[in-house]
Amino acid sequence: MNGTMNLLIGLAMGLSLVALASSRLPSVIRAAAFQGMILGTLPLLLEETFHGLVVAVAIGTILVKGFIIPNLLRRALRAANIDREVEPLLGFVPSLLLGAAATIGAAALASELPLRPEHARSLLVPGAFATVVCGFILLIARTKAISQVCGYLILENGIYLFGLLLINTTPLLVEAGILLDLTVAVFVIGIIVDRIQREFDTLDTRKLNSLRE
Amino acid sequence: MTPGWLLLIAGVGLVTGIFSAFKSPRAWLAVTLVGAVAAFAAAVWMLASGAVWDWQPDFVIGGEMLHLQLDGISAFFLVLLSVLGGAGTLYSSEYWNDKNHPASAPPGRAWWNGLLLNMGFVLLCANGLHFLIVWEIFTVCAYFLVSLERQRREARAAGWLYLAASHVAMICLFAFFALLAARTGSWELGPMREHSGLASLFWLALVGFGIKAGIFPLHIWLPSAHANAPSHVSAIMSGMAIKMGIYGLVRFTGWLPAPDSAGWVVATLGVISAVLGVAFALGQHDLKRLLAYHSVENIGIILIGLGFAMIAASHGNPVWGQLALAGALLHVWNHGLFKALLFLGAGSVLHATGTREMSRLGGLWRAMPWTASLFALGATAITGLPPLNGFVSEWLIYLGLFDAVSAHGPAAYAAICAAVFLGVTGALALACFVKVCGVVFLGLPRGKIAEHVHECGWRMRLPMLVLGAACVAIGLAPILFWPALATAAATWQPALAGANILPSAPLVALGAFHLALAALVILAAIFLWRRVQCNGVSRAGTWDCGYAAPTPRMQYTAGSFAGIITGWFAWILRPEQHAHLPKEIFPARSDFAEHTPETVLESVIEPAGSLVMRVSAAVRRLQHGRVQSYIFYLLLGLAALAILAVMGGAK
Amino acid sequence: MTIALDIFLRLAVWLLLAPLLPGIINKVKAWVAGRRGPPVLQLYFDLAKLWRKGVVLSTAVSPMHILGPAMAWVAIIAAALLLPVGPAGASLSFRGDALLFVYLLAFARFCIALAALDTGSAFEGMGVAREVSYAVLAEAAIITALLTLCVQSGSVSLATMLAPSAGAGAALLAAGLFGVLLAENCRVPFDDPNTHLELTMIHEVMVLDHSGPPLAAILHGASLKLLIFAVLLTEAVLPLGKLSLLQAIGALVALVFVVAIVIGLVESLLARLAFRRVPLLLTTAFLFCLFALLVAWKGGMP
Amino acid sequence: MKEIFLIAIPLLAAGAAFAWPGERTRPWLLPAAGGLHAMLALWLLVNPPVLAADAWFGFDPLARAVLPMVSLLFFVCSIYGVAYLQIRPERKNRIFVTALLVMLGLLSLALQAQNLGLLWVAAEATTLVTVPLLHFNGTARAFEASWKYLLIGGTGIALSLLGSFCLGYASLHSGGNGNLNFTALVAQGASLTRPWLITAWVLLLAGYGTKMGLAPMHTWKPDAYGEAPGMVGALLAGGTTTMAFVAILRVKQVVDAAGAGAMTERTLLAFGLFSMLVAALFLLGTPDFKRMLAYSSVEHMGILAVGAALGGAGIWAALFHVWTNGLTKGALFLSAGNIRRAAGAQTDDKVAGMAWRSPASARIFVVGILAVTAFPPFGVFFSELKIILATFQTNNTFAATAFLGCLLFAFFGMTRLVFAIVDGRPRAAARKTNERFPELPGIIVPPLLFLALSLWLGLATPSLLREAWTAAARLLIPTP
């Protein structure tokens, strides 16, 4: 069980690096979506017995993170007729190196933190931290609004991964909160992206700096 | 009728004045004057009886019980406040009336009453929190009064500078009172001399109150505020508002223990303020700015007295300390009276001519004999010349200093310096006021402005007469005012209460001498006048050594007059000169102009300010609108937080 | 009643003797220059003549032009009354009168200066500017001198301050006070009372426009001031308190006479200083007084 | 269970507003719901209900100490809102009114939440519901502001979720049963696993600090406050930030109970002072008077953080400051909104002489600035004085010095800008139109009400409130 999980988490970590290295927006979106789907299946692996609510969470996550949001993003991409190139503030290679460094750092940090015996051999904690940091790098190092949304998605994925630690004990309200909020957040972001497009004729957030000192 | 009721009448009068300020100027005038008279009566009552009026109603404001107290020191200052307040009220009813200033006169009246009311409350408050509250409200009222002419850029700038400097003072007082409350566990004020942990708080009080008082390096706000305010406001600011700083220092040096070096520092600051204040005054060409610098000078004189009184108090109560204290306190009154008189006179000149530039005035005595003679009286008084009041207080301080010297105590060396500098200050002030009186009122009118002047009306003249009469009265009969002085001095440090210092300062003899001198001066003047009339008078132009066509423009100007002395002080005055001197055989038009900058403000404060602004500009560039960087800042904050959390052994 | 008589008599002596001093000085100057010179009593004649003369007033002046000299004259007389005459003491004496004495002279200066500025003439402005500026330094010197006397005697009353012997610093104090005397009374090397080049004068230029009785008041006041300073100098240096009354008065008169002669000699032998050197000389006088103070301080240490 | 109506009333009203057909009558729902809410909140303030032991939300002492302020703030703003929406008929108000009411409901929920998870959900939902409020004006600048608000605020709120998980794991690791109720967490006390606890604190402080606007996470604030309508700014500055502050206080309670009080105090003090410093530096030079209010808000958040770092007396003073700052800011934002409309611009190179163009608003603005810069007798003076007193009582002389220095520079910056806008000659373009901005009672009375409230809070702090703050402080710092 743990082996499969670690494999999937490793895959998810790899996908964040893929997102960092992608030079085209659709592949970034695809990486994020695939990562979301992988994470969606994890709750099923955690439980010995299939709890109804857990199944619902898993299906919901897969649907939202894997299909709805990527579709929304693709729609925005098409509707706005955006140039599909990712314009990085920080080059791909440095981003990738940073992402790798972050992964190693996250693993190191995770080994500092005490874990319960059942989590001790799992990649959950380092995976979560690494994904969060990769999300941050995408948020900081990319100029296009859509790639930032993807960064934010990856960040949320990392947090979700971490939340799996608590899935047994905490009421699922927290998880439901993520799904709900994430959906609405991206929905709103989508609208705004749409509006930005209309107002500024570009999705380049570098143009969004009329509010300044 | 008890002091409490009188104070109530005063308060009610001033408050109703605020409300009637907008509707009925006459009602305002009446109730405000009634308030001033009532406050005066209450203060005189307390000074005469030597008792303390203490009122603690069951009434909470801001979480603290109201506690008002009128003791010797506060009554002493309240007398001055009520006299100047009353005089300024009457004066402003003509000077700043609705006809000339339709927009600013009504709010001006309201702020005026607010100022008087809150200064009165500062004197009465015996609770630190309430002291701070009314102190700040009085500052704000003064700010709105200084910048009453809001359409003038200089008035606004002067007002802001005042507000900013006052806020620095406020911050110091914030810290002072909060520390006091934290260390004593209560906001109640009162004597706590044995609480030796409070001594170091003196420095905060010195800066806080010192800014208000206009001690030399902290005086930066004072010249422009006094120059740009309406003259009745300048009078109350210079006569009373800066004295509130002195009140604070006197009050808290009396109530709290002071560090050993406090007296020395105060006296040193006093000497610096006195000499440099008058030096800067000499460099001014703006009548009101010049008077403003004399406030710095006189605050210096007061501080010399106070400083030596503190030194004496820390060395066990020698009589010379009491002399210095009495001199300082009397100088508070005196300076309030003659400075207000001078500012009101300057206001009258400004009212008549529309300019404060001395180089455009001259020969005003013809059109404004009352103003000219009352101004001359004030000038004589502020120069500290007998037989007027300025001399009496300086004389007391001198006696204290001389006794300190002959006592051969540790303060003797300092007293030598202080006495010599006090003498120098007196001589410089004399030079300065000869210049003012001569340039503004004597000689011939310098420009067209001075040709259409008119004397002010009785409502402006009467306050000046009252103030002038007070100056003369204190000068001629100082002994009458001695009980008030003794009560206030005894309240400062009860240890000083026992000794009678009149043998060391024979005020009766001095008063008699002054009286005789005044009588003789008048007699001699009349005698000589009649002799001249008897011998016959013929009129001719001023003899100009043979020059055929003298014009008023050839008169000595204020700048040339002060040139010798400002040359001695050029190291600090740093005058800016613009000269086109005649060169050729047939010289072209030439001119020479000299301007004395605000050295402390322009060479210290402004560079420091622009440094801060450069830092601010650099930091503000970080908010450049790029959201990526903003998220990066967030990450940096997170990292800093993590380091901070792990630091300090959070294992 | 006796006090009134006392005051009256002293007043008469002061007023009558004062104009003698300039006469002596002029005689000495004439003698050094090999001239016969004006009579010693010349100033008396001048004053009498001026007192009877009519007055020419500038069209610019205010009443201050006439009142000023009168007030200054009274102030100088009042100062004279505070000054003790040897062991006879002063008619009016109280603690702190030394300071009153200094400030009375300042008051006189104030009045004369205003009366001068009244004419609106550039020359008189110049003179007043110089007068009040140099007075600053003279004031510092004279306050220091008073402090010296105060340290020596432990008193702040002229009558007792001037009684004891001057002690070790006498010579220094004499030098300092002599400098102040020359400056305050506008003698060479600070000023030249005889010159008629307006640009170079201090005191004389201030009274250019005065005439008749006011001028008489000014001249008489000036001579009285000179006498006051001479007496002050003498008493500050000489231990008059130790002598009997007659001896003391004799010594006083003799020394005042000597002072007058020295002034005359100085005026004959020295040239007037350039104006920018004047502060230097006055500072020197101040320093003499200060050193005298330090000497007295050390001497007075218990 | 009356406290549930604090949440239900606004949400029901929001539903009604969404369905309401009349564009002109819909705004009246705001004061109606706001008034009911305020009455209920005040009633609960006077009669605090007993809190059920395991309740997910409830009117506990901390909610009692701050919620009535938010309610009052909303009520007065809603009065303003009616007049404001009437003078802006060109914008459809369905979403605006609905979102405002939802926001009130969510704020009531978040302030009452007794569970870490529920608190987070409410906070996140508040973030989302703010977005339509921010771009009510529909300008390009408003969209930019909303975008930044959402991205930075979203990141912050994500961090706080991660922090919540860490705290949950700390509880789980030390043998807890996964109950994230604050009482349960506090009960675990020192047994909470230390490294997770610290990680949780760092993330939660950064996350809710972003929401609150502590530097350097404050960057969304000037943009959002600068572009939002005045009343939204007031609600953000007085309501949302209060919610974030309360969240931090609640977490601090848990971390303190676990014995890491020194760390929470150190970090809060450092971030509080840093925020004040940054705000002071920005205030010195900013030319835009609405952004100025945002920096002032950053400064006051710093003050709150400093207060929270100073133990019981400090927390008491900070709760006091929540009231005084929130209500005084209300007057400032509303009058600044009026001035902004009257002038048509918001920087000092375009705006001057507003004392003539909109005299009442300009006067309220000046008085409000003096009030917010701690001039007595307004409330902020008293609360800041209490905080300074607390710094001295805890011997934090350095903190006191830095605190006072920052106050001073902030004062310089703010008065400079405000007087430049209020006084002076109106700019040439503005002079040409020469018409006065119609200052209807509906947009003048609410800010005046705020000033009156601020005055009343300072001069005559009701003993009821004092007692409520004391109870809250005692809840957070049990040992005095």
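Per-chain residue numbering starts at 1, and chain names A, B, C and D are given in the order in which the chains are listed.
Quick note on the criterion: a contact is a pair of C-beta atoms (placed from the backbone, for glycine too) under 8 Å apart; a residue touches a chain by one contact, two chains touch by 3 or more.
Quantities reported herein were computed from a predicted structural model and do not represent experimental measurements.
Between chain B and chain C, the least number of touching-chain steps is 1. Should one ask which of A-D and A-B has more C-beta pairs in contact, the pair is A-D.
Chain-level centrality, scored on Cα centres against the all-protein Cα centre, points to B.
Taking each chain's centre as the mean of its C-alpha atoms, chain A lies 99 Å from chain C.
Averaged C-alpha coordinates give centres for chain A and chain D that are 31 Å from one another. Computed centre separation for the pair chain A/chain B is 69 angstrom, with centres defined by C-alpha atoms. Spacing of chain C relative to chain D, judged by their CA centroids, is 78 angstrom.
Touching of two or more other chains is recorded for residues 620, 623, 627, 631 of chain B. Residues of chain A in contact with at least two other chains: 136, 139, 148, 205, 208-211, 213. Shown for chain D are the residues in touch with two or more other chains, namely 147-148, 151, 155, 222, 282, 285-286. Screening every pair of chains for touch gives A-B, A-D, B-C, B-D. On the chain B side of its complex with chain D, the touching residues are 60-63, 129, 132-133, 136-137, 140, 150-151, 153, 156, 160, 163-164, 167-168, 171, 174-175, 178-179, 181-183, 612-613, 615-617, 619-620, 623, 627, 630-631, 633-634, 636-638, 641-642, 644-648, 650-651. Residues of chain B that touch chain C in their complex: 362-363, 365-366, 372, 376, 380, 383-386, 391, 395, 398-399, 402-403, 405-406, 408, 412, 416, 419-420, 422-424, 426-428, 430-431, 433-434, 437-439, 441-444, 503-506, 509-510, 513, 516-517, 520-521, 524-525, 527-529, 531-532, 535-545, 550, 552, 554-556, 560-565, 568.
Only residues 147-148, 151-152, 155-156, 159, 194, 198, 201-203, 205-206, 209-210, 214-217, 219-220, 222, 260, 262-263, 266-267, 270-271, 278, 281-282, 284-286, 355, 370, 373, 375-377, 381-382, 385, 388-389, 392-393, 400-401, 404-405, 407-409, 411-413, 415-416, 419, 423-425, 458-461, 466 of chain D touch chain B when the two sit together in their complex.
Touching chain B in their complex are the following residues of chain C: 51-60, 62-64, 66-67, 69-71, 73-75, 77-78, 92, 94-97, 99-100, 102-104, 106-107, 109-110, 113-114, 117-126, 128-130, 132-133, 135-136, 138-140, 142-144, 146-147, 150-151, 154-156, 198, 208-209, 212-214, 217, 279, 293, 297, 300-302. Taken in their complex, chain A has these residues touching chain B: 89, 136, 139-143, 148, 205-206, 208-213.
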